[in-house]
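A quick write-up on the structure given underneath.
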Amino acid sequence: MTTEKRVLGIALTTTPKVILLIGAALLLAGVSGVIYGVAKSFSFMLGAAILYVVITGFGLCQCKHWAWLTVLCGLAAVIVFTLVGLIQSTIPLLTAMIVWLVTGGVVWYLQVKQVKQTFRVTEDDVKFLFLLPAVTWVLLFTVFPFLYGIRTSFYKVQIGRVDQFIWFKNFVRYFKDYKIHHSIKITVIFIVVTVTVEILFGLLLALLFNQKIKGLKVYRTIMLMPLFATPVAIGFLFLTIFYEEGGPLNGFLIPLGLKVPWLSSPTWSMVCVMLVDIWQWTPFCFLVILAGLQSLPEEIYQAASLDYDPGWPLFRRVTLPMLQPILIIVLLLRLIEACKIFDIPSRLTRGGPGTATMVYSLYTYLTGLKYFDLGYASVQGFALLVIMMFIIQFFFRRMREIYA
Amino acid sequence: DVTVTSASGDVITFTPEEIGTIAAEGQQPFKGKEITITVNTGGPKGGISGPLFEWRDAWEKLTGAKLNIVEIPIAEQFQKVMVDLQTNAQQYDACMPAASWYGDLVTGGFAFSPEEYYADPRFPKWHREYLPPSLVNLHTWQGKWYGVPNDSDGQVLYFRKDVLTDPEWQKEFKAAVGYDLPVPPKTWDQVYDIANFFNNKDWDRDGEVEKDSGIALHFQVHNQGMYHFVSLSAAFTVLPGEKVDQCHNVYWFDPTDMTPLVNEPGHVKALEFLMKLAKTGPDAQISWDLGTAWDYFLRGDAVFTYSWGDVGALVQDEARSKIKGKLGAAVLPGSYEVYDRCQKQFVKMEQPNVVGNTTGGSWHGVILNSAKEKGVQEVIYHLLAFHATPKISMWNVTRGWTGVDPGWKLHFLKEQGGMSTVEDYVAQNWHKDDVTDYTQAYHDNFFAPVMQSYIRIPGGEEFWYKLDEHLSEAMSGQVSAKEALDRTAQDWNDINDRLGKEEQLKYYQESIGYKP
Amino acid sequence: MADVVLKNIYKEYEEGVPVVQEFNLEIKDKEFIVFLGPSGCGKTTTLKMIAGLEDISRGEIYIDGKQVNNMPPKDRDIAMVFQSYALYPHLNVFENMAFSLRARKYPEVEIKTRVENAANLLKINDFLKRLPKHLSGGQRQRVALGRAIVRKPKVFLMDEPLSNLDAKLRVHMRFELNKIHQQLEATTIYVTHDQIEALTLGDRLVLMKDGVIQQIGDPRTMYNRPANLFVAGFIGSPAMNFLTGILEAKDGALWLDMGTFQFKLPPRPEKLDAYIDQNVIVGFRPEDILDKQRAAFATETNVVKAQIDVIEPIGSEELLYVSTGNQTFVAKIPELAVGFTEKRSLVEKEIELAFNMEKVHLFDPKTEQALLNP
Amino acid sequence: MADVVLKNIYKEYEEGVPVVQEFNLEIKDKEFIVFLGPSGCGKTTTLKMIAGLEDISRGEIYIDGKQVNNMPPKDRDIAMVFQSYALYPHLNVFENMAFSLRARKYPEVEIKTRVENAANLLKINDFLKRLPKHLSGGQRQRVALGRAIVRKPKVFLMDEPLSNLDAKLRVHMRFELNKIHQQLEATTIYVTHDQIEALTLGDRLVLMKDGVIQQIGDPRTMYNRPANLFVAGFIGSPAMNFLTGILEAKDGALWLDMGTFQFKLPPRPEKLDAYIDQNVIVGFRPEDILDKQRAAFATETNVVKAQIDVIEPIGSEELLYVSTGNQTFVAKIPELAVGFTEKRSLVEKEIELAFNMEKVHLFDPKTEQALLNP
Amino acid sequence: MPDPTKSKWSVKRILIGLAIALCLIWSIFPFYWAVTTSLRKPAETFTVAGLAIPFLQFKPTLENWVAEVKVPENQRALRNSVIISVNSAILATALGTMAGYALARFKFHKIKNPDLTIWFLSQRVLPPVVVAIPFFLLARQFQALDKISTLIVLNTTFNLPFAVIIMSQLFKELPIELEQAALVDGYSRLGAFFKVALPLSTPGLVATAIICLAFSWNEFMFALILAQKNAITLPYIISGASDTRGIQFWFIATRALMAIVPPTVLALTVQRFIVRGLTFGAVKG
């Protein structure tokens, strides 16, 4: 009895009060997290709260300096969430103020030299303070959905009705579904055509504008306008432009005896979707390539012009190879964006006529959120992700170089 | 008396009985209450959404409540409402659904039946007895009312009376086709012959054949193109009979085992016919939505269209239409050959097989159970009943842009067994020549002896969409008619499998009144 | 190899703002000409005009007797080494050097031998396969040079080719350039703003200021007989000391009165009578000033007592920054005969310095032209 | 003002790759120490370790007797002048200079007087309100200096502060730095790779190579008595000539046999017996080689005939690059008494050069340590 | 370089001028079309042929605009769009700035800096449709459907990686000496960040925020899935441009312009920065 008391006494006196305090606070936070989770059956929040308490508590007991960091991050998260709650007006201002005051106080206290010494926090650890909020944020909001998505892909889900584990049936469906195969096919065609055309046009335009022209800045501004135009709006807007009976395009073409069935022919409607995408994204290629061209040292051109006449040979032997790194970046970014194409076909053609422009994302969207076949839609989503990861992998080395 | 003024300045006066005591006494008992109703996007001048905006201020003044109108794109409305309901988010108190949602709304237990308020004098008075049985069927589930009527959808045939009755064209037609030009056409084959005859002929005598089409239809995918097929194919597939059984009076599924009928020869023939018929109109139809097709007809560029009641009303709007006073209308034609499932062959009929349809949404208000939880069900019912009052309904029906179409006795002429007069219409700026045909066509349609059944089982929207997608594939020439319908059947099977075949069958039988 | 003649060259980028003016120069075959001048004086512009990379606003350029004003650069048969090297980053060293030969469709064998010869000469044969970005500054410089020499052009143009190198490498490359020129004997025009480079490399220097030629001459002339104040100040490091004085005639000799002290001019043939009793600018190079003890030329009439401000040892010699009255100047003298730390204590002490009057320069303060050179 | 002691400093960025090693140095109060060495030798790293901007892997640093290894920079009371000046572009000159005072919460009045005093000293009071981008290079340099001195820190650190200036300005700022140090008497550590700067500024130089100190000493010692081959080659421009020879004992004297020629060593106290008949490296500074005609020290035993490769006039003197046998070397001689153009023709001619044997340096070819210094 | 074609400059100039004019027309025409359509009466949508030049071919009217602006639902969508995009831009930029600073200035050992950067980048690569569905399920679980804050969080998540990378590239270009000078001058790490690094990167910071803002403004899929009534945004409102009877073009035009104009105008103000922004700092514009 006495020995036990003494051990406890020693433990209590030797452990800095600070840590006891924080430990208690954390315990409180964790327990309330658990209770909240149980009450609302937020499985993830519950799990996260338990994990957080266990890890941080463990670290605190050992005076690990990262425990100090996790506490700080947790507090930062509290501040951010109250902020969001405030914006959303689910949390009254007074509550928010109190929460901030308390967390602010704790943060301030944790910064005290003595605390830092206890945790052996060095100047260098400041780097985690800078990095962790963003990492936590991204993890919190992408990893959970990601895991949830993986779970869903093994389930048959009809929200509100069915939620049943079905092993790999959704995956099997994926390989047997002629519609998804069709979507993949047209998406690939879309990507190949638009990316090629955009880069080619962008290059041509950049060459055209890469000379001493008066008012270049104004032109560039105008060329830039499509870039930030809301894609949904653009999708609709082009409906009017592609209108076949006397829309502005056919209005010109019909007198010439060309009546283009823009949206009524399966082939042409694909062309329309591509045209809109090209309209919106060629400026991007143009801008980037122009920036690349203008960053090429003039002296190299002068050196080369001692050997070649300006024109195609000079372009092929000097300009193009030197532009190559930029072209690769453009290609990568365009590939990624093109894989994600959704807004434009979803509004311009709705995937039609028939399924002629049913691009991948659109099909997945319909499967998941129109027909509520969520398990299968998740499988489709992950398949797309795998494809994109392959693309990224392909460019990985180059990217590492850029961001090293 | 109570006088209300619409946003565009029209004034309607109600008697206290008509408007109900709540509004008549000016107490504004709903003050401080707020309700939210979803409707297809359309804006203040759009179809279905328009009247809500039009009368919002007036109604709010009457009751003191606040009305939120949530416009949702037609392509997304069903899913958004369902998400709200299934997740119990309770954002919406009511919706303006298509009747095809009942399968999900009612069987899911989300809809609130305002049966108890119908006779309540506090609320605006509307009349169940005005509705033909075919429409009553759409607003009820197993005899219980869920909807408050508003729009009545069904497709009828519109034609250019001036052109078809032109003696010169009649002569030429006879010479070319071999029989007298029938006005109105009685069978689909006649429609085809006429449309084909006039297509790309300078029948408006403006010196060019550019915009002189036989027919104007709309087939844009996910934009209600499939309704054309459904109303047309009824004549080829719905075999009249005493009662509903495996072979008679069925259109969608075999009522004994849920086998889709959509890829059976009758449907295939109908689709092949539709594809043929579409060729007598502009190629661009494939990408048209209904508004575009209507405009084409309204501008006087096509001889035929078959569509909803909006067309008749829109014709009267001279800002959009050049054919006021030249409109002919009739119930959809029939077919001499109908497919008999039991005999597995087409049977010849004495008379053309004319089948009435309720194709479309028949967009009307349904109160959601969540409203009851929030205690605003009365407020909503008041709103919906207000819009269903004869005066507002008439006002809506006579204006094309409202998207509200006729279907009640109220809207039909007295001589047709209805309650209106030609003058009622003319007073609202109609051309007198257009009224009789128009109302008669709708009367014939909704009171037809044989009716096409309406799909009202869970997944109803999905059935429509899948059908639409594959139809569009066929119409745009990507696959054959048979292939498209086979795909549809397969998709329908998948849906039923996913949702549970047994349950689906039960609901289907209930919804079409099949008794084994 | 060829001669280059520039006649009355005039160049403006913007209307009315001349960048190069009245530029007249005849460059003989095999000559090594250096354009020297402060930044922005128009050196590069002139070079580019010769190369055909810039239009000439007025005037004529002849290469090998042929007027080339409107000849495109590639037909002028010149090679140019750029300040930033302008190596093609996507080509390896070999291909960089072969680039101009390929443009002229030389046979592969010929290309190979030529490139290899040049690489040998420049000692870059070990990294012919590398890309420019994997080379050090000096190596890049040599590749740039190699690219120019493989073609054996009529004229070499070099635009500050050494300015990106560190001091040591610069000295080394200077020596190499000198040797290469002696081997190839190509007519070379070399641009620099570094006077040491100019002095060590050029057969003749062209010193420019604001687009106008200040003086043309061989390095020794430029150093010893600067034509004007600008040239005198520009060439030599530390720069020539300029004092202001009044020319006086006294006792049959000419004297310079610098306020607190007077120097006697040795008799000279130049006619300075017009400047008697006028202000003149007096120039002494730092090495022409010595402490009295060690100066053989010290007399009564050229010694002055001055206060030491700073002493800078620069290896074999020391720079003495001194001041007297309101005149300050630098002397470059052999090491002072005291230990290092003691030198600190010399600061603010006085020293007697003797000026070598045989080496005095005089300039007109208004026209800034030289009146008297040694 | 304080003394700084570095004890056994060791630093690595990546595991096992030392950047600084065995660094031992005691810097006395008020001393001006220069770290000198080729690029990448670890000068900046050492400086940053003293400032606390880099961790020290092993070893200890004391400032004013206090161990500062784990003290954050702000508590060390040092000021640093960066190579790129690192002026805060968003603050004007005054605010730039006041920045560190504000960090330490000085009263406004005090800040004002201090900044103004510093500005007076550096003659920048006219543009206290300007932003750095509106200043010339030299002015920026002075502001950077001003920012450092306002605080009167214990120690000044300067990292190549002059390297971004052009040659002329550099000479001038060197002079100013010298004067300022004489006025402020702050302990200063100055980093440079320019030996002229090092020689002219430092009380003592620390010459580093690959993170290891090669020699510590005052400029004259470093120049005249280099401790090893590296030091000898690094200091002095043009660099010392190194010849290979064999030490031989002959006629009771020591001789150096350089293959084609022999030099006799004057008697010296150093014990070279161990190296007799061994290879040694012989070093001569260029200025210790003269043409025979003018060399007072020319005797039979120190003259050699060599062939001129290149002549580089550098103003008052000329550099003769010559070769004989397989040895090449540079001589720095007063001008040759021939006209300029004739000099070209001298190339490949022969000249008799005398070597000042009093000034010879000998090095062990293996250890590279100096055996004999003058 | 002398222009060898100088003698026939006129032909070349005209060709270039023509090409440029074509490009400009190509990119500006849809905007023009939207404007004229919005100024026409609904009935005139297709009755006016060709280029539909205002005043010449029809009498422009503000009718559509008045009608649209008056609708409270549109006003709410506009307000929501503003709240969501501004807030998520601020949040993303704030978090992104900190993380970007860490990536640019500190060395991380277990996971190396470039790998961290690419990890962030890969979040941006993630197709929205992949996470949309799980997100929808999660949001349902958390009762977070139809909340403005949900959309703020989501947009922030998707813009955060972008902000991180841009800001880290920006900080990398900021000479490290400036912060070291501040350290020596007596500031702590945080002090150096706030007193020196942050003020100096303000222009880039603002530009990043604006680009994030434009992205969030244009975001459609999440709004479509997660908003029901309260959190509806402008793109969502536009997406309803087809009603029960098809597409109303005047309605598209007005609502499209409402959506397009703000981000476009904002983005144009940071033109200088756009290339760098859109290429994740990989290309300096």
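Brief remarks on what is shown
To keep things simple, chains are lettered A, B, C, D and E as they appear, and every chain counts its residues starting from 1.
Here is the rule we use: a residue touches a chain if its C-beta (ideal position, glycine included) is under 8 Å from a C-beta of that chain, and two chains touch if they have at least 3 such contacts.
Just so it is clear, the structure is predicted and the values come from calculations on it, not from any experiment.
Touching chain A and chain B at once are the following chains: E. Between chain B and chain D, the least number of touch steps comes to 2. In terms of the distance between Cα centroids, chain C is separated most widely from B.
Among the inter-chain contacts, the highest number of C-beta pairs connects A-E. Centres computed as Cα averages put chain C at a distance of 25 Å from chain D. Put simply, the C-alpha centre of chain D and that of chain E have 55 angstrom between them. Chain A and chain C, compared by their mean Cα positions, are separated by 58 Å. With centres defined as mean CA coordinates, chain E is found 14 Å away from chain A. Counting only residues that touch two or more partner chains, chain D has 72. Among the residues of chain E, those touching two or more other chains are numbered 1, 4, 46, 136, 140, 188, 239, 241, 247.
Multi-chain contact residues, meaning those touching two or more other chains, occur in chain B at positions 75-76, 83, 87, 220, 223, 288, 292. By the touch criterion stated above, chain D contacts chain E in their complex at residues 48, 51-53, 72-74, 76, 78-80, 82-84, 86, 88-90, 99-100, 103-104, 147, 151, 157. By the touch criterion stated above, chain C contacts chain D in their complex at residues 166-168, 171, 174-175, 178-179, 182, 194-196, 199-201, 203, 218-221, 223, 235-239, 285, 287, 309-310, 312-316, 319, 321, 332, 335, 339-341, 344, 347. Remark: chain A residues 297, 299-300, 302-309, 313, 317-318, 321-322, 324 touch chain C in the complex. Taken together, the chain E residues at the contact with chain B in this complex read 41-43, 46-47, 67-68, 70-71, 73, 136, 140, 143, 145-146, 224, 228-230, 232, 237, 239-248, 251.
Across the complex, chain E meets chain A through its residues 1, 4, 16, 19-20, 23-24, 26-31, 33-34, 37, 45-46, 49-52, 83, 87, 91, 95-96, 98-99, 101-103, 105-106, 108, 113-118, 120-123, 125-138, 140-142, 147-149, 152-154, 156-157, 160-161, 164-165, 168-169, 188-190, 193, 214, 217-218, 220-221, 225, 234-235, 238-239, 241, 247, 249, 252-253, 255-257, 259-260, 263-264, 266-268, 271, 274-275, 278-280, 282-285.
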